[in-house]
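Chain naming follows the written order as A, B, C, D, E, F, G and H, and within any one chain the residues start at number 1.
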């Protein structure tokens, strides 16, 4: 049976090409992955219009969750970090609760996974890098601080034409740029910028934990689905239960 | 860039867990896969109500295609064989033409891929196995014959509770059951029944080409997207340009 | 010489296809495996009539042991867990003693191996999963308790048509179902249900030892035959002397 | 499901340790092996008393077949070459026909497999090596000739204390001894003498096909069970359909 | 001894980071690589000022060759395609002859290697892709035509900020863009744009030879140095003597 | 992008064939290597005239650094140990400071890297082996002592015709010769004598750290460029941050 | 250069086929092996006449050593355990001293290596197994005791026709036979009986160090030649310096 | 049993370190190698005194053969090419015949193997390279011509201090030097100069068969001993029967 060990569902922004590619690299044997695109219009990945696209996705979440729940996933991941920035902590909590009730499925967000991951790693002070506009990056910083973390340094990726054209090599450079001596870890925000192939190298080079939205949401989804297996090669987070 | 060599989009029935798992096994380096669930309600994979679910998916195809097209795939695959049986050849052709025009993306169906694959292999007489009800299986046979193939033997899988719980091992047995001396190839219909892991073994054991909806639609999508690479291990079809 | 390091003999229920397949995966270099079917009639693997089949096998054990002993095994394993439930502790001890005396060969049972394995792992409280009828499962629980273990949670596999058609994937699900926070280990009973391929994954996911009749009887047979080698990949038991 | 591709049953002389070990090396994925010991008494593998042991096994074949058939094998192999020599061609044919009828299972013999294998390889003139007494070896030669083959050279292995203690290295030497320029192939008789690990080397060194009872009976059983897969590493026979 | 089989020297534009990286992937055992930077000033890799940089490198070639010759290479490669376009065929021939005489070392150019490679592959009609400005690309086309080849389609890479930031993935797209049905091969010009990792994929996808300045100059240098070894994985050229 | 993780530049004596070959073995993924030859004349690698060649290289360093800096390396390594002996500590410090200022690039020397490496390993007393003349070897010893190390034993390689023809096997012998019980480590000086392939073996055989100019300068360059990755197989130094 | 790391010489009884085969399995990279046969007559490997053959080898040792020393080994091993039993400790010491003086080469014996190995492992009480006659085995026991070890159990291999036909599988059985609870280690004497392939398995099964003449003499020779490398797979001795 | 497939004996000049090292690389499974040193005095491997050393070895051959024959080899190889040059064809034939008669073992020479190998490859015109003095090289040329081959080009290795210190890398260069367009093959004479690791590379680079004394004598010995197995990686000769 497909997904006999666990099934994980992911809701992705419609133009985001990255989540599927990165999650496929991480899935252990017996864990199947299922995807559905949220409803949005406009130019995918452009820095402009991101807020409107975020709101449109949020407004249509009920229908999106309903269809994805039909494949009976153990967990559904809302694979978009900036949605959480848009909603704020309280509205997000309410929305998730309502969707879980209607679908009968556990639902988590990318940002919620990041917060859990940082807690699991025992991190309080961190550096933040993101491929967003300066404004959205500030929102991200504020959201982290509202969640009890201290952001000792942060920056956004320069020269972005479209988030979805970015590469993990550029994410590597961004992480090197935002790292600081007093940061206990580096967090690369955004599910649209590929990061998996550089997390392990960054940890070797920076000597501290480096997580991304991608590594955090897979770690959180697996652990909630009862999969405790260590997945080496993508940073120490995924080797922890 | 994700999918720098090609991006392939797949529209799947909402409860179908198989297409994502099987397509991931076949994608060559640089080819990214993107998924979206079609709109349907009812018990996924049950033999009852399949026609209604088929019609609902067809009725909502425009919206489904629009969202999936936002990730800019080279080809979109309608990954559901029975849809073609439902529509018939002419209505399907019209629908596809309209969707291609509106989305600006090449669209193919699972069944259309099968027909192309059989032609590529030079097959005229074949055996058919399917996990459907007897009625849908007969529709499949009729559709193959309307497409110019001779179905020398056919049967449906016995004891199906839910198509989506089936295994490739059972598909192996089905192929052995329907094979006949005068069949030049065996075709296993249905994207919900896993088949990839047994295609190569079946070819070794039956001594003839064995294709499934899964192998045919990946082969067809890749070749249309300009990817000529041989993918060994899943039957001879995927080793041909 | 075949079996120069050790020879292990297994007496299996005649319709049981699983013991041979699973034991072959575990045998280290130089250890040969030898099989003989016990005498029984009726539908193999059916939940009905299991008691009668058990008794028939027990009644014919002398002849079965005599023939298998001709290949000069270091140990003979009575590879049927439910036989022990049928016999009870005392009658089993008497039977084994008599057979050892007549054949001059060390004889152990699947259940006896499980008790030894739990002791080796230092387990007192465990969860029990079995593919049997509810009655036989209760017998198993009682037998464990009579052996000094506390069964904190237990269940039988639902929807079994024939034990011998079951899969390790279903055994995985059963173990997840019966696991409980206060269980120090999970025990999957029954030599007819395949378990080997999921034991290591279950230990990773549940974070505690998981043993089955299969892993326990190979571990016990090897250690009695003087083979101390660690066999990784099937749970921590088989890595212990 | 265990043996989802095919199940093969083997009836072995009770003291024979070799058949199980050698068949395990050859079984392809999805093919399960099941064993049962025939009824015999006396010193296993000794050259003395072989005829009586043969007769006893033959007399009890009905019960042996009945029990092994309970695991529902596609084919049952009577894994003892000398039985055929004992019975002669006609009596053997009658016995097999009766057993097939009563058990509803296809039954083949080691020697019958050898004859099929030689035919498949297009061999008419061959050399014969055997671990038997001189008398039994002559019986083997006569049986081959009665089956239409010409035995251009033959010999038995010298210095045998017990067939079941022999090694493949000694079988290599035997094959080198009996080979002759006008032999188109070499046949090593007897399922008790290990041969598999030297067949490929012998073919490399002698430059002609080399088969044994072991390679022939697995080849024949697989092909009858519909398994056409090539199994490299044990001589060219097992690479042919 | 370092380079006991052959030593190859490469003269590279000072800001070019690509030649060293790509040549290291191709060097067979016993062949050592040695590098020296030609003299130029200005912004490396910018499309502007390329002609002046070309001329400066040419003017200082004598000194560059003298120093690189001290490591006693079997062949020196002038690893810059556009130099040949700048010089024209006659002046280049004269320059090379003079440098060979003064240094006592065989000297070849990237473009000369391309012409040899196309001849070896039997190509007359080809497609051309380049990362240059439109003007330089036209120069390249003219130079190919002056050398007797027909350029059936050509284009330059769009959106280049700096040639040295380009990726092989973009080179893949360029090759797909310029390919045409009547092109017998595709040639990717320019040693600054990485190409090696996509040549084999391009050949699989386009079904025809695909060479680049990099593959051609290593092939030519090796063959002149007497190294006939096939180097698989980078297009068929490097598998030919 | 080539060298997206780091770019390392190396200035090598013009006739030195060893630095390029050895550095290529050590570069981790994403780290690119770039080379330029310093200006010198005379017979490369000969023991005679080494001082004059050293001075000529030093006199032309500004131009050499300028050209190599055009490829934008994170660090430039002056890959010649004896240059430091020639300059002495103070003049070297001044020269490096001036070149760093003019080029805007971090510049290190082979000898400076050795001193850092010894400090990192906590070594104070060491043995020294070199392929130089006796005089230059004494210079090396004095330079080490001036840097605060105690040289408990030292020797130069006997029978050198040309340093650049030497082998790592001979370097192994040299290290065995100079090792002493009270040496905490062995240092093999000189970038022209290959050493990488024997460092790990030497550490196994001598039971203490063994470094060479090659291993030290790569370790130092990587760490300065922010690359903390462990590179196993070349002695313990390269496994330390 | 052949043997650039070390050269080891072995003097073997002329009919002994085992030493060469076993030493080849153990030699690390860069260590060459050189062999010479001692002078003896009679049936090699027979239990009869061993003493005379021993004496003849001893009488001709000077010439044997002289020839083998011409290949300039770092150490010469007298690869015959029973020679030491024949000579006794004092005469052996004198002989070795004289030969070392005349040849200028370090000379060790198999038995001397065993004594060193036991000391290195910290063993005082051991079990002894040997392929010799009962008398020679007793000599071996006495020699061990004279060297300060306690032999808690010992036996010779039964059924030996010729030592040189024995197998490592039989040596495994011998070790199992002589092992005792109070033995801290097992020693398998005799360079003619193969043991290497079972030492690691024996350690796994017996849970204590198991050495043989073969493992001891290679360990001792390597360590004396300054090779400290760990050689895994043949018991813990060879992993110690 | 050691050498159960074949045993090969080699008589080597006492100071020759190369034959043992090279033969060990070539021996297939089940083929054991046994060595004995011929009697000679003087400086091993020196070009001076080679004739006297040759004569001394020849004079003592009877005793050398007698001892080596005690290990019961299938073939004894006189592993010294120059011996044949010394003896001439007739005297060699007589000597070999006498030794074969006395020892009852097949005896071959390195040069005789070369002649057989050239015949097997169908070579008549060849190039000759040797590490000898000019005089001995001329003897080799004359001996080849007396055997019916045409030597189109030949040379000896320059700068030899001692043959036994030479490397395969130098042998590679020698082969490149002596190769000529009209040579159908290259032959590297002399068992003291290592050649095995470069034969395959030379064939790739020169495009014709390249054999050495080493490859020829192993090929000849194996084929005479009835071992027909292909040994890839050392030139095409060893892949032929």
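One rule holds in what follows: a contact is a pair of C-beta atoms (placed from the backbone, for glycine too) under 8 Å apart; a residue touches a chain by one contact, two chains touch by 3 or more.
On a predicted model such as this, the values are computed, not experimentally measured, just so you know.
> Going by the touch criterion stated earlier, list every chain that contacts chain D and also contacts chain G.
Expected: C, H.
> If you walk from chain to touching chain, how few steps can bring you from chain D to chain H?
1
> Have a look at G-H, A-C or A-B and name the one that copies the D-H interface, over half of its contact pairs being the same.
A-C
> Can you tell me the C-alpha superposition angle of chain A onto chain C, nearest 5°?
It is a rotation of 90 degrees, to the nearest 5.
> Name the chain whose C-alpha centroid is farthest from the C-alpha centroid of chain C.
If we average the C-alpha coordinates per chain, E ends up farthest from chain C.
> Suppose each chain is reduced to the average of its Cα coordinates; what separation in Å results between chain C and chain D?
Measuring from centre to centre gives 32 Å for this pair.
> In whole angstrom, how far does the Cα centroid of chain C sit from the Cα centroid of chain G?
45
> Cα centroid separation between chain B and chain F, in whole Å?
Chain B and chain F have C-alpha centres separated by 61 Å.
> Pull out every residue in chain D that's touching 2 or more other chains.
1, 167 - these are the residues of chain D that touch more than one other chain.
> Between which chains does touch occur?
A-B, A-C, A-F, B-D, B-E, C-D, C-G, D-H, E-F, E-H, F-G, G-H
> Could you please specify the touching residues of chain D with respect to chain C in the complex?
Residues 1-3, 7, 14-18, 20-21, 24, 32-37, 39-40, 44, 67-68, 70-72, 164-165, 167, 194 of chain D touch chain C in their complex.
> Which part of chain G faces chain F closely enough to touch in the complex?
It is residues 1, 4-5, 29-30, 226-230, 241 of chain G that touch chain F.
> Contact residues on chain E for chain B in the complex?
Residue positions touching the partner: 169-170, 172-173, 176, 201, 204-207.
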